[in-house]
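The structure's right below; bear with me while I get my questions together.
Letters A, B, C and D mark the chains in the order given here, with residues in each chain numbered from 1 onward.
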């Protein structure tokens, strides 16, 4: 086993810890930009995992996927989000409905929950258990951010984190879907973020704020 | 055998002709020139189709040759019509009564509607009749429900055609809603057969009927009772009836009250006797008691009304109650193995249905004629019409006598048969030692006494005495078509009253089918013989007494020496019924309010106002809370739709989490 | 090859229509494209009828089920196109909101839905489903008003999140298929998965997990309670042709996806699990949406909740399964599409004509807009499931299925809710249509094309209600054969 | 022979009706220590009225003249249902209790219309009160008769009589006593006697029947009066036929018939005495107490019907 193999396996197993950390930090973050950076870092960790997988599996397609993720999630989307923030010129707070301190505690609880949840369902896949727990934790944290952060951009971020979680789950369980499907998914993601950006502008233009919890004209 | 001699071919041909006629008539109405003569031709076309239908009904009733029409190939579900004897009876009823009603409609539509509306009226009316025909001739559940729902829709459309004020709209809404709920129950009743039957043709249901489990049978009966009861307006499901019937166009009111209610009776008979293969004993008691309550409350409510059409609507409730009493008795007899008595009671019910169709549509049309002449339907504003519109007056008098169940008019025959079958119930085992059936004689007696009072009131106040308002004083002439329609129905009432044997014999052969083993009740023979004799001697004696020479002189009515009686001194409908209403005050629960001004000097009033409003207690204590509960539940649910997208997301997450937990623990 | 044409024609049309800046020219081009697309769809259906299954490459495939849904889509789309020709005059000019943008997005929307129906691969199915959201989000927010932007945002976010779960479900399904012994290349191919379904039972719990995620995910798109929250907003705020498209085409496409999965899962694990879930969500949708309809004040919102309710009925039909239930469910999708299009067309005309769709402020429509009102009446009778319209037949079938399986409670619940829904609908519509109109201004009546679209809907509904057109019956039965 | 006898029975009831009225009036007068008018006076009155000119109110219609005749004819027909001194009647087997009751109802219906026709408020008041009394008395009457019909297993009045004659008096007493009480109360209401109605008063607060016929004069009034008298006679005969038939002729020998007639005369004489006595000793009920009075009848009748089931066991 070469040094690279060892590194790849190490990355695969230890990445989970980093992902938990990013999730916790995101829950504790007060500014949107912090979250964007954290997301970029999280995506970078994911990219590393993809490359490690590709290396272990000797799959050229996986390299391509890794490159794509790097391009889109680590560079493209964070950059676009930061650009959006500058252009929208709105307050940079995340718009908490649950305080950041409490959020961290709840997030920790969710991580524990994800561990136990994975235990409940997938007792037979011990090797990927940690990674899968991380995936579930990401999904939960994404969901948590979307539910508790009222700024439009934070919802986008929450969605991205959630998507990261799903991506990770796919990665560790199936070692990747067919290539064309992966491209399609990423393409959808990009368009989705683009559209959300468009709507963010429109919300700002029509309501002069970006707080989605105040979009409550349509109800009942 | 040649085509003309084979009754089966003729019947089949006639049936198709009638259906086609009713289907084509709306097309003609919609497309033809809008002239009076064209309208008349159209109406004549409809009447012709109906008369053919009546002939077919009578022929099937007589010969027992079934006509049928199978459209299953066209439709996704079995869709077939079949006229067996039971269907034929109701088919006959519908056609016979609809024909004069259509005739009546010609002047009615001319007077009430603009050209556009008249076209709609002539499109909807034959379709409404057709839908009723479909209901009673349906041979599959699908066809039945198809017709059943259309019947509601078309009648509601006709109601709204008459006008669309808020009040009318609200009543039409109540009608539609309650009918839809009833239809849902009827649908459930049919669907319940599906546990055993492979499909919903009546044949399959019939053969499955006997093998249904006891529980399912109970539910079939309960849903049938609820669904058909809703349509026929049994208490407390009658709420819609006095609201919807009065606001329909008068010919349609006549059809709704006289004919449409009977489709529910048909349904109940079809389900309990035919498809279920015989009723259970307890169902008989239920129907009996429901019928008794309905009859008594119906006539008491009728007594409290002075709007002619509302009064007639409540009286329909009463008559439906009587029909249910007879049906209940029939069920009891059938369940206890007394088929001949059951046959007697079923005949009583069916005959009363036919009779009611005649006199109720007669009276509704009479009300329409009154409205035509005086532009009012409030009895309090009428009076003295007998001298002004005598044909209408005499017809209505016959109708009133018939509906009060007086002898030598048709209403009596049904009630008499009812009495006889109830009396025979003295033989029966009774619950807790109570001879329930004979006791029902008292109920029927009370009801018929009250209805006599009610219709003395109706006829006496509106046709007799002095005109209470200028409209009544200057009542217009009644058009010829209206007169013919009224006279036709009135003579039907008299004919059936004097010569009931005319329908009793076919009814007997009908009943033999749905009640196996039924013999011939001797009562049928008896009444067929007695009534002609009675009527003959009565007429002879009347003529003899009238022939007595008299010297007559016109005077004024005695006014206790005062110079003149003003119409305001006359007894009104409300004052007439006051004694009865005060005896049965607990039924009415009216809200009374007396205001005296000035309030501080009650003994020296300058003005007093008295207001008495009656809401049926069912509405207050049952329907309102029910509707309020639904709305309150909806309002609560509405709060879940907060408008906050974060909460929406939470719902999705929670759903997912719950499902995952469920999956985990369901293993 | 035909499939590729059918798929790409809308995409090309979307590009092409951008060349026309005049409303009439754009409309004409769009109509032409729409008609040729319909013709192409017709050809596909014919070919499916004669040859069974059409495939193109690894990713495109059309069987009878796709053909059925394609037919549904084509009908709705043509109606929407015809209706929107005159309707577009109401659209105010703005950024991204001109007729050509409208048509561009509409064709993109069509493209994505066609792709959903034609995709042979469950991953591609997900991608295209997500793409439908993206294509229609801008259409929902087309008016750019406060409500439209809010609705568009909610639509986008809720559906994207929901579909993210569907993605997870797709992955889990893939995993289950691979573990069940299907080769990874074929694991997402629908026919392969269906064939191998019986061997998937070994990965049972994973399969169940997958289905839960898929149902929640696609259920969000279908609008099943409690994931329906976006639906009333989006339907109410979108331009009416788009409301019709959403209700009559989009929801069906998500239902199609669930149908495909349900077929596999119920073959692998027996019908208990997936059908049970569908029954539960269907019943919940009918219950909640039915009750919410009682308290609605906005016409289009009322119609939107009615869509939720009907999707619930369809879900119940699928959940009941069997020939009767499936027949009812498929027929109901078709009927509901047509009836709901009719109603949204009418509602759109009311809203554009009188400036509001608030039912508390609408009165006497029968006098102001007689022809629209007549159409609305037909629509509301049809949607309430009364004869002589098609929905009566399909609801009859579904109820028959419920009672045949002696699911009495479910049957009774459906009947009760149908009554309540009818009550809500009848109450509101009677109030709107009758009486004296509030303002004495006489509206200009329907433009020919609008009326044409609505009348076509009405005729179709009656046709299905009174006699089943033979081609439709054949299509329906072969579609059912695909699933069983 | 039998047919002729039946006609004789009807004629007997018809022709002796005014006499019974006269006798009751005479007896009442005697009880009240008055001399009273001769028993034949009702005949003279009817004869006088029949020949008198009839006054027709201007607003009245043909009903005003028809009503009294219908009342008379229906009552006369009802007379053909009741056995008098021998146990058959003209409408023997078909002489149904229900038709009997409904014939009275028909008559009452038309009298009420007659009352309403001239448009006087007296007529309205009378008709209204009559409607109340009639509505409430029909049910107990029917029930009481039903109780007997159940026992006799026939609803024909003549056949019930024939059956009862064959019974031991004490075997049937329970149901019969209850039914008799009910029928007696109803009979009082039906024939318009005290304490329900007072045939002699013209005080508008109390009267029922007299208020109805206030506008009638001449032949019309004659028919009304006669039918009212006939009704009393019929009801008396009915009570005897149903409850005390013993002594009625069961064979058609002259001796049996003579004996039956004698029994009839003595029984009806006794009843006239009883009626006179009761009418002299009770006061008229307040209008709103009449329903209670009739409710008692209803309760008795219901009990009678229930007792039929008890007795069977």
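The rule we apply is simple: a residue touches a chain if its C-beta (ideal position, glycine included) is under 8 Å from a C-beta of that chain, and two chains touch if they have at least 3 such contacts.
If you're wondering where the values come from, they're calculated on a predicted model, not measured in any experiment.
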Chain whose Cα centroid lies nearest the overall Cα centroid:
B
Result of counting contacting C-beta pairs for A-B and B-D, higher pair:
B-D
In angstrom, rounded to a whole number, how far apart do the mean CA points of chain B and chain D lie?
36
Intercentroid distance (Cα basis), chain B paired with chain A, Å
69
Whole-angstrom distance, CA centroid of chain A to CA centroid of chain C, is 32
Distance between chain centroids, defined by C-alpha means - chain B, chain C (Å)
43
So which stretches of chain A touch two or more other chains?
121, 143, 146, 155, 212, 215, 217-218, 220
Residues of chain C touching 2+ other chains?
153-154, 157, 161, 205, 209, 232, 292, 295
Got the chain D residues that touch at least 2 other chains?
none
So the touching chain pairs work out to A-B, A-C, B-C, B-D
Listed in rising order, the residues of chain C that touch chain A in the complex are 59, 121, 123-124, 126-127, 130-131, 133-134, 137-138, 141, 144-147, 149-154, 156-157, 160-161, 164, 167-168, 171-172, 174-175, 178, 184-185, 188, 205, 209, 232-233, 236-237, 292, 295-296
Listed in rising order, chain B residues that touch chain C in their complex are 71, 74-77, 142, 145-146, 149-150, 153, 160, 164-166, 168-169, 172-173, 176-177, 180-181, 184-185, 187-188, 191-192, 194-195, 200, 219, 630-631, 633-635, 637-638, 640-641, 645, 648-649, 651-652, 654-656, 659-660, 663, 667
Looking at the complex, which residues from chain C come into contact with chain B?
153-154, 157-158, 161-162, 165, 205, 208-209, 212-213, 215-216, 220, 226-227, 229-230, 232, 277, 288, 291-295, 327, 331, 366, 381, 384, 386-388, 392-393, 396-397, 399-400, 402-404, 406, 408, 411-412, 415-416, 418-420, 422-423, 426-427, 430-431, 433-435, 466-468, 473
Which chain B residues qualify as touching chain A in the complex?
638-639, 641-647, 649-650, 653, 660, 664
Could you please specify the touching residues of chain B with respect to chain D in the complex?
383-384, 386-387, 390, 393, 397, 401, 404-408, 412, 415-416, 419-420, 423, 426, 430, 433-435, 438-439, 441-446, 448-450, 452-453, 456-457, 459-461, 463-466, 526, 529-530, 534, 537-538, 541-542, 545-546, 548, 550-559, 565, 567, 569-571, 575-580, 582-583
